[in-house]
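Two complexes follow with chain A in common, the first pairing it with chain B and the second with chain C.
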Partner chain A sequence: MLANSAELFKFTRLTLIWLTLIFGSVWGACFIVGVLLPTLLLRACDNEIFALLAQICQYLTPLIAILVFIPINAMFMVLVERRGLALFTVRMGPNRVGPDGLLQTAADAVKLLFKEDIIPTGADAWLFTLAPIIFFAPSIFGSIPLLAAITGNNDLFAITNLPTGIFFIIAASSVPVVGIVMGGWASNNKYSLVGGLRSAAQAISYEIPLVLSLVTICYLNQSLNVVEIASRQTGGFLNWNIFGGGALNGLDKYLNALINGSSNANDILQAYYPSNQWILTVIAIAGLVVSTIIAFFMYITAACAEVNRIPFDLPEAESELVSGYNTEYSGIKFAIFFLAEFTNLFIVSSIATIMFLGAGNNPIPQFLIDYLFKNVTFIPQTINAITQALSPLINQIHLINPITFWSVVWMIVKTYSLVFFAVLVRGTLPRFKIDQLMDFGWKRLIPLSLLVFFIVIFAKGVINTNV
Partner chain B sequence: MSTNLETTNLKTDEMIINMGPQHPATHGVLRLILKLDGEIVRHVEPVIGHLHRAQEWQGQNRTLFQYQALIDRVDYLSGMFTSLAFAHACEQIDGCQIPPRAQYLRALVCEMNRISSHLLWLGTFLIDLGALFGFPFYPFREREKLLDLFEEIAGQRMMFNYIRIGGVQRDPKPSWFEKVRKFTAEFPDRIDEYEAIVTQNPIVLKRTKGVGILDKSVAMDYGVTGPSIRGSGINYDLRKTRPYGIYPELNFEIPLGQNQGDTWDRYMCRILEMRQSNNLINQCLDKMPEGEISGKKQIAGLRIKAGEGFSAIESPRGVLGCYVISNGSDKAYRIRWRNPSFCNLAVLPSLLIGRPISDIMAIFGSIDVILPDVDR
Partner chain C sequence: MSNLLTRAKDSIYQVLRGLKTVAVHSLRIPTTKEYPDTMPPLPPHFRGRLALNVNPETNEHLCISCRQCERVCPDKCIEITAHKSPETNKLELIDFKIDHGLCMFCGLCTEVCPTDCIINTNDFEMADYSREALVYDIRKLTLTQGESSHYFAAKEIALPKPKPAKPVASAPIAPSIAKPVETKTEAKPVETKTEAKPAETKTETKPAETKTEAKPAETDTDTKSTDNESK
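After this line comes the complex of A and B, so read on.
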């Protein structure tokens, strides 16, 4: 038994309660705007204007979902971070406000809202006010294309399904650094200035490996569309992009046939991995799998730098620069910086999930589930019965769509695991120095990402010509 | 067409930045006036005195008995040592005999205090390196146990007032010794734990190896003492070189820095010293004699003979000296402290010049300066 199992239990309980809260409220808002309001409008009067209004309501759903989601999610993530760090560092963490500290961050948010909004003497008031907005805005519009992938291309969110989704997200994610530099410069504080400049240098260096590792995945999937990339990873973890982006598809199908006792298992293997060229094929597949795994970790590293997490939190290095670019900020502006920081962390985690970890797809292959539950018939039967009983309700009022539901559940599990991993890293590693950071970025990560990209191109070529 | 980069007319200015006295990493109230060229430090000027409390003057205007209670504030992380230095100086003047049990108890609590001081240093040093919320609290877990033990014998967790002129204040119960034994039994494992996280951590190595190299001659010129000078490879520890108390009877080695005296060496020196102190505590416990605990009556009108005395002991930060002149009354005529942090801080500018901002914290953290000890 773990020594701090009681704390661990409390942490899990807290996470579950907050997740229910977040997704309940987001779902509620979506339901009201996307289903309830349009239905009522159409029932109230059956003319064109009302139909148009109903449609506008439906189109607004993604935006409402994001606007409801971001503040609550940031509150939750701050709490998770504080409690998680407390777990790792044998402390208690915030446990006084509300039942077991559940409302700590809500109280903090209220406090920040009521604080005096100070603009320091000599600061450029315009830019000083603009900086948090520029920092925050991209996290709203950058996360819009993700919604389609997260919800499994639900009808209400299909409008956010951009053909060039990942391109748009990357473009949006490179804007916040402008806000940091702006805030650092406008604060009339030397620490802020140094923090802002550091941030600019860091963001430029680490955007390249970040984008190159994502480009690798886009190349493997021949698509920039996040929904399509997500849908290509269905059917178990072997199809995930982190394991070669489809290089192991054949293995997956072979295992499927083998477990089901199908006779054509060897034919499938032969079709995917022809034996006349097997050495080349094996090398190509191994290269692909290793490259994509490296690409994943490279993405995580670069993303950490991108969102200023330890060990790359130089722009706000507390022991050096007091608080870096946000030293002079207080009240609501500081709250917005804080909000955006955690939202960015969530966004990069969900990009990692969508691009590498199979998005909202079940990690366990369907054939394995079938095989395991072959003898235990009552579980699938129960699930079927429940689905049957609920289906009129689902169809009638669009209460919940099973595809969307499971997609969101798996997204939550995977994304928050990555967030938790980031907290773990924060609890373990010290900070880099700025010159070491640049060295690591330019001399290690960028050559490595280029190498990975080329390996993927050649390996993919070999596999394509062989099959 | 060739462009000559050196003749570009890009104007660069040096920036003066005022680090402290309110800064998260200056350990209290040190103020550093830095002249920066980009991120490189060109000039450093430490400004001290924000925490000056006139400890020496207070000592001359209070009775010896009253002043004993104030001494712990000279260096609040190693109160046992400051008390010990003062007691040694007064006993030198008075010539009173200290019972062996008191001697052993003094060594015991001092070594415990050394561990607790080094543990706090470890935590703050790691915070300085940017392990912001990470392991600082691991050292504090053990430090808490030590403070509980101190509380049991001295009634206070940091301002002990335990070591008195002539002996010690209270005789601990046998159960207290058992608790200390329990602590020493598990402490080596804890240090292994810290070392597992820190010692071979690549980022820590990158931040500390070859950073802030303290040359032997520079260290000696500035009068640097304690683990900082031992990290540079100079074997100067008063417990060995000028033994006091019962240290000649104990068996121990002085850990020295293995490389050129960089931040890493000073870190390693302190880690090894903690292990050494743990060993010393065990030896003290084994050899603990029975008998009296004080050679002088602890009364409000405590007096010592006329004369002057100087004592120097090895505190966690270096050589701590106390000079007392007495005219035979209940007040000291003159008191003077020689504080290790003050001398160690003097070497800081020569270590910082030419280094980036991030190194300030690593270097400043590694020489372990306590500001009340600098300002008194």
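After this line comes the complex of A and C, so read on.
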């Protein structure tokens, strides 16, 4: 059917294998540190010190999860990017190392770690070393609050949940630009310096639409807490923030009542959307839905600029500046820059998923599933049987938590779809010029984001999203 | 304002068009040739590594030590060692060296070769660790019987006639221009050099000997076995 089905199959297989590898190892690490080790410690000796150690182990779980996740994920994303770009440009991509090129990036990582670490003459050695760390650490460890939303507020990760989660993440993610400027300055190289300064200009310009589009969502959900924002989007894609941030909740409930043959369907509709001012209601709903969709794409655009992805990769424009701010870096410092870049891409994608795309919630409405599979009894039976069979794992060993499992599965699907979209954009769009970049940021995106914000404020006053 | 909206609409349309193009391209079969795994289809006249043919039927070496390739080579990368056989008074090939590090694969040597001995093969993978290893001697240059017959078929070269017949084909032209009388008279006594074109052989160190072109059918049939080293 498809001419290229062999390559597409290889790409899918590669993705599945690597995803299993990543999340299997993260899961294993979390289980060992968060469940197995504390249990063993408590069983070994029942005194206070051991109890304290067990608790420390549990508190360390999110950190361990991140530390295991980052390097493997970066390897996987580099491979997906290369293979994906190869797909889009009618090439084959890396397919030599390991079975079908699966280990290409692992080999690259090993090579980078063993390369000589050079500090160029005239460079400021102290700042030169500090720059990758400042680039790497804040945004990645600042994103820890996301873990609570990703895992469906699992007990082990609940401590990462902050009441002001998204605020903290945004604040932390604006620090890395200091690292880029620092690296560019300390390199004692014209190209690096220009790259660093461009990055500063770009980050400052694009942070405003990025934050404004997130603020819009926070306003709609009346919360800065990522877990709460995620939990408000349960129950199908109509409740997602990208479709009005709750404006379609009533529609969702109405359809639910209608399909189930409930008698109070019209009452529900009336409660959500009062009919005495229906023209205003329709306008408000339409405004909200359009605004939030625009906000989503604005967020994606600004996030691309924040993490220096391709239409906005001026800080490391290969055709103008040799490699931008990381020209002079080699070995492990370059590896850290590389790692941080790809992890940042993952983080902005997961923020987009949590804020706009319903976090770890099932995109298909529950009533639709019930309706479609009303007569198919064997599927719920099989699921029940599997749950029964796995119940010792769930209840006694705590190996699997079904809520966390499904939440993570949907997060993976949505987040990596966005990552893939970023690769697709990289394969499509050419790079901006610096004046176009500034023009687009200041004259287009910022007014648009302000406009969206105001529309949302007024529209939200008209319809009641909190019944 | 309307201008702004039009431009926004237009640019979004263009971006979507680009995305569509990329999506369509991702369904095409890759154009990559996985070279070491699958060899590129080379035409038979591809000018690759130089090699020496043997007669595909009789396995006798086709080189007659005429040194035309050595002379025509612009890089001077061919070096032929031959000596005169005392019994038959004919040139006998001892060694044939080609420095592929110098060769520029112009193919002139293959064009002048009167016996279609030296040819360009389709082999181009000659990378080595030293320059000395790029100098191929006769052992490395001479093809096997099977390879020779393959190249004779692929390049559509007429199969060489058995040794006696070959000089006959060139003899009527060459000696007739030069000295038909001498060849007839001094055929056997004087040393015979199996040269195809007398005009060029005159430039050699011994003009007196080379003038005496002697390629009658009788002499060659006698010396056939001794003249050729078949390796």
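The definition used in the following text is that the second predicted complex is superposed on the first by the 462 of 467 C-alpha atoms of A that agree within 3 Å, B and C clash if a C-alpha of one lies under 4 Å from a C-alpha of the other, contacts with A are read in each partner's own complex, and residues count from 1 in each chain.
The rule we apply is simple: a residue touches a chain if its C-beta (ideal position, glycine included) is under 8 Å from a C-beta of that chain, and two chains touch if they have at least 3 such contacts.
Fair warning: this is a prediction, and the values are worked out from it, not measured in the lab.
Of the two partner chains, chain B is the only one that A:Asp313 touches; chain C does not reach it.
By the touch criterion defined above, A:Val227 reaches neither chain B nor chain C.
Touching more residues of chain A than its counterpart among chain B and chain C is B. Of the two partner chains placed by superposition, A:Ala335 touches none, neither chain B nor chain C.
Applying the stated contact rule after C-alpha superposition, one finds that A:Ala109 touches neither chain B nor chain C.
In the superposed model, A:Lys433 makes contact with chain B only, not with chain C. Of the two partner chains placed by the overlay, chain B and chain C both lie in contact with A:Val90. In the superposition on chain A, the residues of chain A contacting both chain B and chain C are 88-91, 427-429. The part of chain A that touches chain C in the complex is made up of residues 2-4, 7-8, 86-92, 424-425, 427-429, 444. Residues 85, 88-91, 190-191, 194, 310-311, 313-314, 317-322, 426-436 of chain A are the ones that touch chain B when the two sit in their complex.
Touching chain A in their complex are the following residues of chain B: 15, 17, 23-25, 39, 126-138, 141, 197, 201, 203-204, 206-207, 356-361.
Partner chain A is touched in their complex by these residues of chain C: 8, 15, 18-19, 21-23, 25-32, 34.
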